[in-house]
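Take this structure, written in structure tokens, and hold onto it; I'll ask about it next.
Letters A, B, C and D mark the chains in the order given here, with residues in each chain numbered from 1 onward.
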Amino acid sequence: MIRIAASRLATSLIALLGAALFAFIALRVAPGDAARLVLGPFATDEAVQALRVKMGLDDPLPVQFWHYLTSFVSGDWGWSYSLGQSVRDLLGERFPATLELGLYAFLFALVAAVSLAVIGAFRRGLLSDGVPRALSVFALAVPQFWFGIVALIIGFEMLGLFPGPSGRLPPGVTAPAGPTGLYTIDALLAGDLATFATALHYLALPAITLGLLPFGFLLRLLRANLLDVAGEPFVLVARAQGQSHFRVFLRYVLPNAIIPTLMASGLILGQLLAGSVLVERVFNWPGAGSLVTQGLLQQDYSVVQTFILLSAFIYILANLFVDLLAAAIDPRIARGAGQ
Amino acid sequence: MLELDAITKVFRKRGPFGGGRSTVALDRISVRIGDGRTLGVIGESGSGKSTLARIALRMIAPDSGTVRFGGRDITRVSGKALRDFRRKVQPVFQDSAGALDPRMTIARILREPLMLRGDVPRAEWSKRITDILTAIDLSPALRDRYPRQLSGGQRQRIGIARALLMEPEILILDEPVSALDVSVQANVLNLLRDLQRDRGLSYLFIGHDLSIAEYFCDDILVLHNGVQKDFADAETLFRDPKDDYTRTLLAAMPRQL
Amino acid sequence: MTGLLDIRRLSVAFGPTRALSDIDLALEPGTRLGLVGESGSGKSTLGLAVLGLLPPDAACTGEVRFQGEPLPWSDDRAMTRVRGRRIGFIYQDPMAAFSPVHTIGTHITRALRAAHPGVGRREALDWSVALLEEVEINKPRERLDHYPNEYSGGMLQRVMIAAALVGDPDLLIADEPTTALDVTTQASVLGMLDRIVEARGMGFILISHDLGVVAEACREVAVMYGGKLIQRVALADLKAEAHPYTRALLEARPTFGKRGQRLSTIADFLPSDWFDDA
Amino acid sequence: MSIIRSVPVFLPLALLTVLAGAVVVGPLVWPIDPYTMDFAAILAPPGPGHWMGTDSVGRDVLARFLAGGRLSLSVGVIVMLGGLVPGAIIGVIAARAGGIVDMVLMRAMDSIAAFPPILLAMAVAIGLGGGLWTAVIGVIISTLPFFARLMRSEVLRIMSHRFVDAAESMGATPAFILLWHVSPHAASTMLVQCAAVFGYAIITLAGLGFVGLGAEVPTAEWGVMITEGMKYALTGQWWLTVFPGLGILVAVSAANLLADGLSATMGGRHA
């Protein structure tokens, strides 16, 4: 187990270095001027030249990479000229909004996918089989930002059931003060059920939109895994021992199908991070993702660069965590091939 | 004549930082295959019998010991010398479905050895394929079928035909009938006996079933965990087994009817 | 006395393919029957059909009476009370018969509590230990916490036998229980089955492709081919009364003393339109 | 070919063909130019004359839809081929070379795959200065790990089959085995992957267009059209956004369904 952990840790470190190197090459070494990228199109040439020196862009590449890496790891992520704030402060400020949105998107994806997959696996029929299949095809093929707009057209403009694209809370409502920065949780902690309900109402459409891709992905994966496991001999044997259909499904099929599904959590986190860039813009959600879109549109790339590399790091660490978790749960990994 | 002399092979399970366990698959095993005879190597799973087959085919090299073919040391040859040796020693595998490329018709599968030999004119290929199909009691009409459209016994015959098209001296039969139904087993064993008689082939027969080995082999080597337990001609081995393990195997055999 | 098992005109089809046609087979209590056939003969389908565990796309007609009453196939709840408690089942591939993420103890206690719903956790655990002892697993208490991949095939097969016995069934169906095992392991597993079946006096159906294996543990043989029951005969009379196909099976086996002779093939006993494989 | 006749392959393939036919032939039949502004008909709803309505400067949405479709589908093909060739080569080299070469190549692929694809494409597009073609290069790079990993595992899987052992015993060289045995098997798997990547490229480039990194305003591209239309989505002019989005949805669904259909149909032939 320790040996497996060590080897996974080593590969993760290599992947982290590789990702940083890739970002470095793409953003620094590529033909565009890195200092110009940071300062934007309106900076004077003198300012750009000064920054070139400060960033060490005239140093040898390995030295530059080393600085790039160390400053990134130490949290020195640069300065946003268009917003006049350090990137770290900006991201820190905006992060809770993205976290809250991502959390609910994930919850939606997980609950919807698991329940549909389970119904589909447990009961065969056109409705219980065709509907999940159609939904997963749709969810994997629909552009999320477009789905968000259409959801607004229908849910807000036509039916008036949901709030418009105006952020996390309506204008008059003050954000609940609390330790987490997640409005729903802070509101609950403060015992403010009205604000909780409002925040949830504002979350509904963005969360479903953001959760759509992970939902389709999870549903597809889980359905395939459930089908595979249901055909395993140990399911037949358990049935032959007099265990009921339902119990066998719950005790044998589900656990064996969940583990490979769990291994995809890293990918889902990536989908949520990348999706937040597109979806937050549609709903004017004041999170890190919309910060990225803003940066892109104003050609202020310092936030964008940080967000991109940060996502890769988060993805790698999430995968590491999932692998170790799986090793702890699954004896085949934990104890080697055995025998 | 293929001689394996004092062959040792150890498999190491490598951990990420070196170390790990190692298993001795073969421990100083010597065998000679030739003279139109059949040598049986019998053992249970993990005995090393399949490793021995792979070394005889020179698909892998031993850790120590020598492999000689026609007196020449070919233990570590590679490239052209290895390919020259290989066409003289051909394998027949247990899993007849896996041994044939599922995307190819029978004709295409049987064309492969002729292509690789390079000494048969293209114009003769079709006739050679028809001839070999007749020789193994299969209808030449099967040439346009795919392997999955054939029965297990038919597929195994195609595997044998492909090996024969190389005009080898030795066939390495790795559990050739273990996956077949009893009634089909007999057909394939009869065919192999006829081919041996007609073409002067020598066989290395790898198996786990002592009754088939007794019927089919001239000499039998009993392997257990990579160690030679017994070696004798088939009759002696069954009448008067030297080793306890051989006796255990004999006693464990299902009743003869 | 009513019979143990009475199969009447049982037919099973998967779409256009007929897996079983009009099988009639009756077993008295304590009968030990070997069900022999080659691949595709329908022998495994017959075993699963009795248990009501055929895949949902199987079309099944006919009737199976167990201890005088028809088996309630359409009522899965009722069948659940038959399986494990009155009919035990052993699967051919022990390596695939256990969920890889559950311990051996979990498997056994679950089987136990399915057969005896009232049993508590602690009691089930002690009982499991006793069962593992019965099938000769060393240090059973420690071994309960191990995962299937830490067991050998032979050990797993013995655990599966133990799990099939928890409900003290009146009939045990074993589908090729030793095919995946080595010869020496096969002998010990067959010996154990023989002793257990003898001691409990239960009915036993041993499904196998190998007449020799069946001869180790059964008194009667039923031979199947192409979904049909060819013949049923006492083991002692097998040679004397063998159907031509059964003769072919017997004679085609390479056995001691046939050295140097040509093996008989199925074509020597039966017209070629009778069988498909040449 | 018999594969094409199976329903799960035929239906999506037919859908894609109809879509491709429409965007290629459409402009010949539909007389309006996608870039001509008509200030007399600003934000006109769908109706005769403008079947999909007009946008805020009076351009015909149907004409832009067709032009955007042509762009999206061709870019999909370019990304597919652009990723397939180098990706497959990397995969073959890694599988055949093994050892340190394999390790380095696969760790490099891991590093690329660590970025969520659209963010990776963003990084490349920014680094190269922006615009549609830098975004295309970015998306191509993001597909490399898909192709390379799959090709590598395919080669290893096929090489582990007994029929390859048999070929080696007959004196086949590695090159012969790659050509004669591996490539027919790998080709079908890669075909499935290509269909999936085609859809992925369309949806990803539209996303990049949406945040201003792909095609640029005023190019008629589905993602850009949605961005431009977003301002009017909640003021009643739904047609500006809905039609291009439907185009993406149909194209990508068809590509994904084709991938599923191909893999299910050819699965039976796999070893």
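Keep in mind that, in the parts below, a residue touches a chain if its C-beta (ideal position, glycine included) is under 8 Å from a C-beta of that chain, and two chains touch if they have at least 3 such contacts.
Treat the numbers as computed from the prediction; the structure is a model and nothing was measured.
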item: Interface with the most contact pairs, given as the two chains involved; value: A-D
item: Chain separated most widely from chain B, comparing mean CA positions; value: A
item: Euclidean distance of C-alpha centroids - chain A vs chain D, Å; value: 22
item: Interchain centroid distance [CA atoms averaged], chain B/chain D, Å; value: 48
item: Distance from chain D to chain C - Cα centre to Cα centre, in angstrom; value: 52
item: Chain A and chain B, separation of their C-alpha mean positions in angstrom; value: 54
item: In chain C, residues with contacts to at least two other chains; value: none
item: In chain D, residues with contacts to at least two other chains; value: none
item: Residues of chain B whose C-beta touches two or more other chains; value: none
item: Touch list for chain D against partner chain A, complex; value: 107-108, 110-112, 114-120, 122-124, 126-129, 199, 203, 206-207, 210-213, 223, 226, 230, 233-234, 236, 238, 241-242, 244-245, 248-249, 252-253, 255-257
item: Contacting residues of chain D [partner chain B, same complex]; value: 161-163, 165-173, 176, 180-181, 184-185, 269-271
item: Chain D-facing residues of chain B, complex; value: 57, 59, 83-84, 86-87, 89-91, 93, 95, 98-103, 112-113, 116-117, 159, 162-163, 166
item: Touch list for chain C against partner chain A, complex; value: 48, 51, 53, 56, 76-77, 80-85, 88-89, 91, 93, 96-102, 110-111, 114-115, 147, 149-152, 160, 163-164, 166-167
item: Interfacial residue positions of chain C with respect to chain B in the complex; value: 38-39, 182-184, 186-188, 190, 209-213, 215-216, 238-239, 248-250, 252-256, 258-259, 262-266, 275-278
